[in-house]
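After this come two complexes, each holding chain A, first together with chain B and then together with chain C.
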Partner chain A sequence: MEDTGIGLWGVPLAIFAGAIRVSTPFIFVSLGETITERSGRINLGLEGTLVFGAMTAYAVAVMTGSPTLGVLAAMATGAMFGTIHGWICKWPKVNDIAIGIAMMQFGLGLAFFLGKSFIQPVAPKLPSIPLGGWSAVPQVQAALNINVLFFIGAALALFLFWAFKNTRIGLILRVVGDSTDAARAMGISPDRVRLLATAAGGSLAAIGGAYLSLYYPGSWNEGISSGQGLMAVALVIFARWNPIGCFLAALLFGGAGALGPALQSVGVTQGYYLFYAAPYVLTLIILIATSSPTRSLAGAPGALSLTK
Partner chain B sequence: MTKLLPMNRRNFLQASAAGLAAGAVPGLIGSQAMAQTALTVGFIYVGPKDDYGYNQAHAEGAAVIKKMPGITLVEEENVPETVDVQKTMESMINLDGATLLFPTSFGYFDPHMLAMAAKYPKVQFRHCGGLWTEGKNPMNTGSYFGYIGQGQYLNGIAAAYATKSKKIGFVAAKPIPQVVQNINSFLLGARSVDPTITCQVIFTGEWSLAVKEAEATNALVDQGADVITCHVDSPKVVVETAARRGAFVCGYHADQSALAKDKYLTGAEWAWGNVYTNFIKAAQSGGKLGNFVRGGLKDGFVKMSPLGPAVSAEGRKKFEATLAEIMTGKFSVFKGPIKDNKGNVVVTAGKSFAEDAIELESMGYLVEGVVGSTS
Partner chain C sequence: MTVEANDPGLSIATGSGASLRPVLEWLARRAEPVAIGLVAILIGLALFSLFILAIGKSPVTLFQLMYTGGFASWFSIQNSLSRAAPLLLTALCVALPARLGLVIIGAEGAVVLGGVAAAASAMPFVGVVPPIVLFIFMGFAAMVVGGIWIGFAGFLRHYRGVNETISSLLLAYIAIALMNQFVEGLLRDPASLNKPSTKPLPKEYMLGQIPGMDVHWGLVIGVVACILSWVLIEITSFGFAARIAGGNVRAAQIQGLPVGKLIVGFTAIAGGFAGLAGMIEVAAVQGSANASLAAGYGYTGILVAFLARHNPLAIIPVAILLGGIAASGGLIQRRMGLPDATVLVLQGTLFIVILFCETFYGRFKIFNPDLWKRSL
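Showing the complex of A and B:
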């Protein structure tokens, strides 16, 4: 009996590989939501944007044969969804959370409706970069086949972290998010900034969708997201509106999500439902460990309706 | 998660179904002139009907009966296994005039279909996969299912000739008896060729979770499994991921050979078209529909995908010989002695179960050689 398995090493490897493979949609959606929330608005509709982006990217890739065009088309539709959300929310007495939920259902419904004929065709996949050439172990090579979008996401997290602090646009975004009145006094139009921030957020979320349908798991169907867009929105709060925190939290979620299948594959099979709850248990533990009786939600933008 | 916030296109679909029914009226009159009983039949699917899987298999069956004279077909997809399916059934009965309903998903049976059957005693309900019990369940309900386990046994034979690592993998949704029986049959088929083969199973816990299915497939391949099959609602992700990682694939539910190309060995597929045709013929001629309808490969309920190019000549011979034996109706997959994977004897020596044995429909054990656990 020839043993080609890698035994218990499979578990850390799967967590590592899973962290990279599964995290990318979380990274893009949570970074997008960070931009939006830093401007003082919540867009809960990113689950809809994610799924619509996944559908658009897949459909365009099928029709044109180019996955890159698919990603670009998804970004455009994501920006459109964000713009609609931002435009509706500028009217007085409109609740951005309610609009977000409506936009989520709208995005899901429209994606299912338009995506009907694209469930069967097979789209070309986004390319990955094989970084595992140094290893003779095929499992390691497979784990190190990393999609370029992951690196873009990582770079974007670093860039946003820097840009929020050090660029004019970053400062404008933050002042609008922290105090609408102060922004107005400075001659900034809060509505326009929020509109652009929501559009940018939607556009990024749609890239996450494109990753789902064009790379991993790499197929379009109606269950493709199963709530990842909603979890990513929650990740932003978990990461305290910090882009690097979002990146790390996304990795953590991806890795913890890979734990269940990996443990079963090495024979730890009892109680797999519990392992599947690992990401959520981890979230609870970290939130409790980092909570404080003396301050509330450090880093929350002041104008965010969440904190009102 | 999507179940928390169900996206419902019921109203939209109802409107379009009503439009469809209106458009079909002249056709109905025409067919009545042909002395065929007009019959409106409703099909309810839990997922999209072109998912390369469970729902597609049923929808292909529905498409077969749609062509029969006198039939008006109403369909609704993506109906959750909640009170939603009761509303769908009511609207099919009251708005579309359906008198025969096929709610095709496992969770529709109890309590949803049973509640509707009590409320509408003149409507016939036939459920796929449920265990209809005489005396307990009303006579206007029934269940039908195919013995696809023998198909997974044949998958196992094809897998045994293809595996080099002697380790094969199974991505499973939930540990219900039908899934467990498929896992066991897959391994027993492989062990009929080489008794050293083991089968690693990973349960994802849900019928359709694309990312987790991909992770499970990757984990199996990482652990050396080189032939993968599955029992999830839509095998597309598992099949594509496994083929991309270089593993062979045995299909399930529908023909997925287009997704895995020459990595596709064979597959166990449903042939619901035959089953639904029989129901419709019985309903139109006023005969009995049957309350407990079962059948396997030899009854035309199940079929195998054509063997792929990677199956060796030797494998092909054994596969065809076993298939021929199954077609005689005398073959049994579960022949004692069989131990479960905890060492307990579950089928004593000398005892064997025919494919229609009722004991098999409540199977809760994984046989020796399956690495995994049902809880």
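Showing the complex of A and C:
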């Protein structure tokens, strides 16, 4: 916001615009993690999936010229990472949290390895929808230039909220997540359901990555993610495994993340780095406020190791 | 699986008398993690070789370079040992809480803040006190700050029920932001233009090399820390109580063990060690606190700890092995034209395979101590 024509109003506007822009990856990763955790498993490796998705999307978009193909390719790789996680975790004595950490390191390493040659070229960006035509103020127009993926994410949150309650698949997922034994008694294979749920979660997380590399900030480099994949896991707990809650929490996180750049744009440079820590501090405060040492979290899937 | 062949007890077993039984039982118990660990590393290396083949390079050349760069000469061994030093300490930051069943992955935060604390605490005393006293001040400050940082994650776990894996990682991100804030603001040396840093330590106040070696004293500190941790866990009653609480929290509470104090205490000690790694980076390598403190030692330490199955003594060889792999990264990059992330891919592959191989524990009769009791 170089133009100071709207003065301090630029701050809330930038936070609003930032909330929408920054939140989109959070929406996808947290929805993906919700699906996985609802099945009773936790995938901490989504950070690696996200970064690998960002790299794949960027590379495919550079090579084919189509950002849509980039997103689809990212989804495929995300599903692959999820499948690996799901397959390994079905073996006895394997800890899903530890495997997640390993998958995160593996995903990051592989993304940096394969993505080395794509740091230079410029990929076509994902399209956005200009909704700010009614305003004459350029800042407002810029703020309302909203990416398609944001709307898809919002729709997906609504759909998942409905689907968890009202579809057969949603019911199966919840049964598996709440009690492995009950699922077995119903003739459902918990391992298979969890594998599919982790694969679905991975492919959604990769969309979040594709958004990072193809729209905002819109380039591929090794520092593309600032821990969105991990914060999304905390965000799911905060949202109590509720997809609509995830969407709203993602907006809140996006706003917190936009605080630093917004204040900087109006000339507040003191404590610049501290504002960058705002989303992490916010996540931690929310976790502290909503957790309890004596009772398990409301709405938590019964078979989830995270809350035991 | 061919793990049976690795078991040294097999050949002695046939003709030996009763006095060998305890030895065989002990061997069977100890051989299991070693054998499964080695097989896991072999599988990991095989998978990694396939990956290298798939991108059209020779895995044989790569492993040769890895050996050359990490272990072939005295020069490369010293390089590996230097790189292993911080890993010893960050691995302890994972391994000690693991004895209580906690998965702490935020050692990086304690490293960077430990480094900042060490640099800040050194400032008023440079030129005033002798170097050895200064090192004690720096080490103390780093351990306190690191201890508070990771101890806080332990505190939140026990008293608020916050998942320690996530909170420790969030704290690591917050720590890096704090470090940047300090290094670019309050503690910045105006002379550091391109890379904001604290005021560099004068040469005579740097933690020097071990006599006769080109390896700094950090290695000795790390090895001593590992031995002390082993004593703490295996011999003291504090460690015994921690192992009970790690096995079954309810049982420990019924026994009247102070589970909360154990958790906070162990996480604080763990964080203290990681903080010390930051102090060593400042006092022995960088000379000042700057963004290079966040070099990923905290994250590689997680891998070291899991590879060593959270045994402090096993951490020593594993850290040296991974230090060697890291040391060969540059050579691989130059000679084979592979990106520096090659080492990361190898580490990630090994990590996944090793965790997967946990599933083989208890599946092979040969490692069952009871078998040796009964059959003889």
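Simple rule for what comes next: the second predicted complex is superposed on the first by the 275 of 308 C-alpha atoms of A that agree within 3 Å, B and C clash if a C-alpha of one lies under 4 Å from a C-alpha of the other, contacts with A are read in each partner's own complex, and residues count from 1 in each chain.
By definition in this document, a residue touches a chain if its C-beta (ideal position, glycine included) is under 8 Å from a C-beta of that chain, and two chains touch if they have at least 3 such contacts.
What you are looking at is a predicted structure, and each value in this text was computed from that prediction instead of being measured.
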### Message
A:44 in the overlay: touching chain B, chain C, both, or neither? Say first, second, both or neither.
### Response
second
### Query
Looking at the overlay, does A:129 come into contact with chain B only (first), chain C only (second), both, or neither?
neither
### Task
Tell me which partner A:237 touches in the superposition: chain B (first), chain C (second), both or neither.
second
### Query
When the two structures are overlaid on chain A, which partner does A:112 contact: first (chain B), second (chain C), both, or neither?
both
### Task
Figure out whether A:265 sits in contact with chain B (first) or chain C (second), or with both, or with neither.
first
### Query
Touching A:13, do we find chain B (first), chain C (second), both, or neither?
first
### Message
One more residue to check, A:276. First (chain B), second (chain C), both or neither?
### Response
both
### Task
Tell me which partner A:223 touches in the superposition: chain B (first), chain C (second), both or neither.
first
### Query
Which residues form the common part of the chain A surface touched by chain B and by chain C?
101, 105, 108-109, 112-113, 116, 226-227, 230-231, 271-273, 276
### Message
Can you tell me which positions in chain A touch chain C when the two form their complex?
### Response
44, 84, 88, 91-95, 97-99, 101-103, 105-110, 112-113, 116, 226-227, 230-231, 233-234, 237, 271-274, 276-277, 280-281, 283-284, 287-288, 291-294, 306-307
### Query
Residues of chain B touching chain A in their complex?
1-2, 4-5, 7, 9, 47-48, 50-52, 78, 164-167, 196, 200-206, 208-216, 218-224, 226, 234, 236-237, 240-241, 244-245, 258-259, 371-373, 375
### Summary
Counting only contacts in the complex, chain C reaches chain A at residues 103, 105, 156, 158-163, 165-167, 169-171, 173-174, 177-178, 180-181, 184, 299, 302-303, 306, 338-349, 351-352, 354-356, 358-359, 361-362
### Summary
Seen from chain A, its contact residues with chain B in the complex are 1-7, 10, 13-14, 17-18, 21-22, 101, 104-105, 108-109, 112-113, 116, 119-120, 122, 139, 142-143, 212, 216-219, 221-228, 230-231, 257-258, 260-262, 264-267, 269-273, 276
